[in-house]
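We call the chains A, B, C and D, going by the order they appear; numbering starts again at 1 in every chain.
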Amino acid sequence: MIKKIGVFTSGGDAPGMNACVRAVVRTAIYHNIEVVGIMRGYEGMINGEFVPLETQSVANIIQRGGTILKTARSKDFMTAEGRKKAYEQLKAAGIEALVAIGGNGTFTGASIFEKEFGIPSIGTPGTIDNDLLGTDFTLGYDTAINTVIKAVDAIRDTAESHDRLFFVEVMGRDSGQIALATGIGAGAEAILLPEVKFDLERLYDRLEKGRRKSAKIIIVAEGDEAGGAFAVAERVKEKFPHFDTKVSVLGHIQRGGSPSCFDRMLASELGFHAVEALLNGKKGVMVGKVDKRITYTPFDEAIKDTSKMDKDLLRMVGILAS
Amino acid sequence: MIKKIGVFTSGGDAPGMNACVRAVVRTAIYHNIEVVGIMRGYEGMINGEFVPLETQSVANIIQRGGTILKTARSKDFMTAEGRKKAYEQLKAAGIEALVAIGGNGTFTGASIFEKEFGIPSIGTPGTIDNDLLGTDFTLGYDTAINTVIKAVDAIRDTAESHDRLFFVEVMGRDSGQIALATGIGAGAEAILLPEVKFDLERLYDRLEKGRRKSAKIIIVAEGDEAGGAFAVAERVKEKFPHFDTKVSVLGHIQRGGSPSCFDRMLASELGFHAVEALLNGKKGVMVGKVDKRITYTPFDEAIKDTSKMDKDLLRMVGILAS
Amino acid sequence: MIKKIGVFTSGGDAPGMNACVRAVVRTAIYHNIEVVGIMRGYEGMINGEFVPLETQSVANIIQRGGTILKTARSKDFMTAEGRKKAYEQLKAAGIEALVAIGGNGTFTGASIFEKEFGIPSIGTPGTIDNDLLGTDFTLGYDTAINTVIKAVDAIRDTAESHDRLFFVEVMGRDSGQIALATGIGAGAEAILLPEVKFDLERLYDRLEKGRRKSAKIIIVAEGDEAGGAFAVAERVKEKFPHFDTKVSVLGHIQRGGSPSCFDRMLASELGFHAVEALLNGKKGVMVGKVDKRITYTPFDEAIKDTSKMDKDLLRMVGILAS
Amino acid sequence: MIKKIGVFTSGGDAPGMNACVRAVVRTAIYHNIEVVGIMRGYEGMINGEFVPLETQSVANIIQRGGTILKTARSKDFMTAEGRKKAYEQLKAAGIEALVAIGGNGTFTGASIFEKEFGIPSIGTPGTIDNDLLGTDFTLGYDTAINTVIKAVDAIRDTAESHDRLFFVEVMGRDSGQIALATGIGAGAEAILLPEVKFDLERLYDRLEKGRRKSAKIIIVAEGDEAGGAFAVAERVKEKFPHFDTKVSVLGHIQRGGSPSCFDRMLASELGFHAVEALLNGKKGVMVGKVDKRITYTPFDEAIKDTSKMDKDLLRMVGILAS
């Protein structure tokens, strides 16, 4: 029977991480397990930055963006020596199991660490990118797409007033999930994604035909093949010099903000089930939710590159654009 | 081959209805089908309030709450005579099929009308209550729960500042879906639902133990057995006269507002598939989405009383509350 | 030279209180003055609930609604005995001067206390009601009116969709400031205020003529002579039984939420000048801002009943309504 | 007696323009004056793009960002020939006076045009930059600063989670008004403005001392002497290579969005008084509000370069930063 667990957040911060920490802490305490917060992810694990967490430590945080446990990327943890130190710190503190909230890098680390030192870990998917196998949605994704469409709604006011063509760049280095969702949600004229080959001629075509309606929004994922919003805008400007084109790179505002209700619910459920999974002897898996069911995916599976890109949706985008 | 369809919204308005109208119009036009907007639901159908809709008629509405087609409840449509008039109006206008966006009442009407006059109808679920069979989510529900938690976040500021116990009443006469989601999302102390028997002693118990943390939020569905937030607050005040209790009935703000990204996406998809379903000869069904798949549920099934209440979630709420 | 001051919030909480506490703390520390937070207003003063505040204690709070120092109404402080206890607590803690953030009741207490025990106090106006003499705006008012119009914008979606007449009740027991501002900001058909005699016939008249446009919003201050939104709605329903009327009482959501930029700036300035005023030997005054200038108004003046109601604005409302 | 006026928006769009158009239209109609909307500013004036506006034309727009009259910059209007065409169009349409909503360029044009052709014009200040003489605030400024601080609040979540130093670039090519207000409102560590000489050593100093608190926000006006946020960030990175620095350029999101209550009120008042000013024989002036009083400033005065930069506020920023 586990008596003490550690919980940490790692990688890029995502809205819902705090809600997940809260669920982990309260579920553990309910089961008479002590909880320790490990600050700054693997970095804090190596340095022994441990904070005891009580029911009240996580009061009034469910609505906050970011992570009260802070997060960092750790180079030391990529070395055998660093991981050994981390293990010794955990052992010294009596931490017998871990809940890791993060993305690809987080789970890669957790997987290696578990194999080397045998401390059981459960992961929950905390990343706005929605690019993990084994869950329909990752924590923070729903909030991020809402943040983006609110920003695009504001930009559309200007686009409509000036009859402008706006190229809006959204996050997604390797994944077009945010671009696809927000492109549909914003009623974009076109969506450029890393997963779909860039077809300049087709874009020219759309824009030419579409000039009935003058104001237009084009959503570009930062990892788009064409090289981001500025590069695409330049190509379009070359072809249509009379278009009034503008570029907006949304950047870091996409990570922050109070989590949506969906993200708070998902975070609560996944945190809750992460602790129950540890109690049931599970380890080395990420807790996810697929088709309304809680699922457990081995770390090495979860981080596999995957395209959940829905071809049907892409076809629909073309039809719904003006 | 269908040449002209009518689209209308009916029942209580829900965010996402406009996004759905936009999708219906553009998908139909793409397939060379004319589209007519029927104003004010069945009332406008009887009165022949028809407006031709073009691609540009639905530009810049994806982000708007409410419905540009307006909505109403029609007593006349409940009579055979009223429906006959509606049929004649449709016939005169050359409308051969219908897309109905609404909830229980809307689909009940559509089902009867189709049986009587043979005009094929496809429904899409537009109601914030999320109380229809055949779809995981109805249009407007995701927006409504986000509106509620933002309101509760504001109330929590006051609750924390004054150490108050707040009873917040949310919509849901017959369904606790909004209450359950927002109770989890708001980190509520307790959630009172129509689907769960009211247990006053248990509530007393929770509140007594929970006074370590002074500020508390209790979410009450309007259809709760105990009689709504005011009634529950009174009972609690009797038992704990020294508690500083307050009641907030959120009311109509829950219906409005710009739709969330999720609702805009779902609305776009369902509107798109509603038209394609008509083209494929489907009729008398509601288009929904279940486990990431588009589904078609006969109207008479969709409106069946149903409890999607997840017992596991209720158990979790008790554990996560402070 | 003052070495240690206390700061507290009292009365109803208001957005911007935290920003003001932050400014008080940092300005004092800059001048090498120690700062003590007094919890729960006068109640905590009597009970000696004192917390030392450092630069970092007030980091990351400028954006938060409510008050980290909590607030309460204190019956004991209304007694000579209670105030004596408070004085002894302050003396024991070495607190030599006070900054009081609150409204009418707060300054009434501060005035009496200063006269009795000679501890210099400076007030800053923290109340959403904007009902104090000696400042154009009180802290929280700007945030509250923004919260209200966002709620009314959501309600308007439903009003427009259903052609409904909505009576929206906003805060303001004795003051129509919130009602007037939000009535203009929401484009209301009519605004009912405590300061203006209720004229039912005129309202009937407006509504009759105005039925060209069907959806309408009427803003009612809770302290309106007619008895609040429900009472007015009933009278209108009697006269026009065919109108689809609805009532929405916004309630406690109006107090909370992250402060607007204006409120954060005003709070920062007033907190900053409150400390500098103490250093300059001022006491018994509320710091305010009038016509872009910092002003100091004796407590007994500031709390005088006042109508800042602008007749010109009321005339304008009638003209701009549809 | 004037029988018909034209109203237009020109220059960059600003939230509150629609509220102002609404007020102009309804006030004019109240005084039995016809109103014509001139589309796309001076461009539409030259091309005769005129739309009659009724009470209902401006219903339900008070809450919308952008401008329903659209806006553009017109090169042709800078030529004598272009202005002559514009005059002939106005004459042909029977438009006897103008209300111009815009900024510097708008009023420069209006001033020349009035001198050349004698058509009386009244201006209202519609620009987010708050850089006009003769009014405390321009329309859109209050909304813009609220948009910025919400974005910075989101960025702060990430900054706090990662202990990052963020350089956030806000609008203001020639004016630091937005940067100053949002720097205070966001609790920024430092604010870089066009009006204040850039002092790199002082910034180094602040950052060095300030590292007790790791996460920091620095607000940079785009017209800052140092060359914008990227340039400043680079200099800081050179000095402190171990700092985790990030840049966020907020860009076009700052112009859009639903206007704040303050902007809707100001827009309503200024539009109302613009029409009454025309009726009272005024011309060639911008209507503004200074110290709660409506003022009239000759166009040539209003556009004079001016620094309203408050030195006291800048001193305060240094003290309140952590």
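Some notes on this structure:
We adopt the following convention: a residue touches a chain if its C-beta (ideal position, glycine included) is under 8 Å from a C-beta of that chain, and two chains touch if they have at least 3 such contacts.
The structure presented is a predicted model; accordingly, all values stated were derived computationally and were not measured.
Ranked by separation of Cα centres from subunit B, the top chain is D. In this structure subunit C contacts its sequence twin subunit D using mostly the same residue numbers, the overlap exceeding half. With each centre defined as the average position of its C-alpha atoms, the distance from subunit A to subunit D rounds to 35 Å. Separating the CA-averaged centres of subunit A and subunit B is a span of 28 Å. One simple way to say how far apart two chains are is to compare their mean CA positions; for subunit B and subunit D this gives 39 Å.
In subunit A, the residues that reach two or more other chains under the touch definition are 153, 156, 160.
The touch graph of the protein chains shown is a ring with every node of degree two. Of all the residues in subunit C, the ones that touch subunit B in their complex are 9, 12-13, 15, 64-67, 70-72, 147, 151, 153-158, 160-163, 166, 246, 248-253, 255-257. Taken in their complex, subunit D has these residues touching subunit C: 19, 22-23, 26-27, 30, 55-56, 59-60, 62-63, 136, 142, 145-146, 148-150, 153, 156, 160, 181-182, 184-187, 212-213, 258, 260-262, 264-265, 268-269, 272, 291-292, 313, 316, 319-322.
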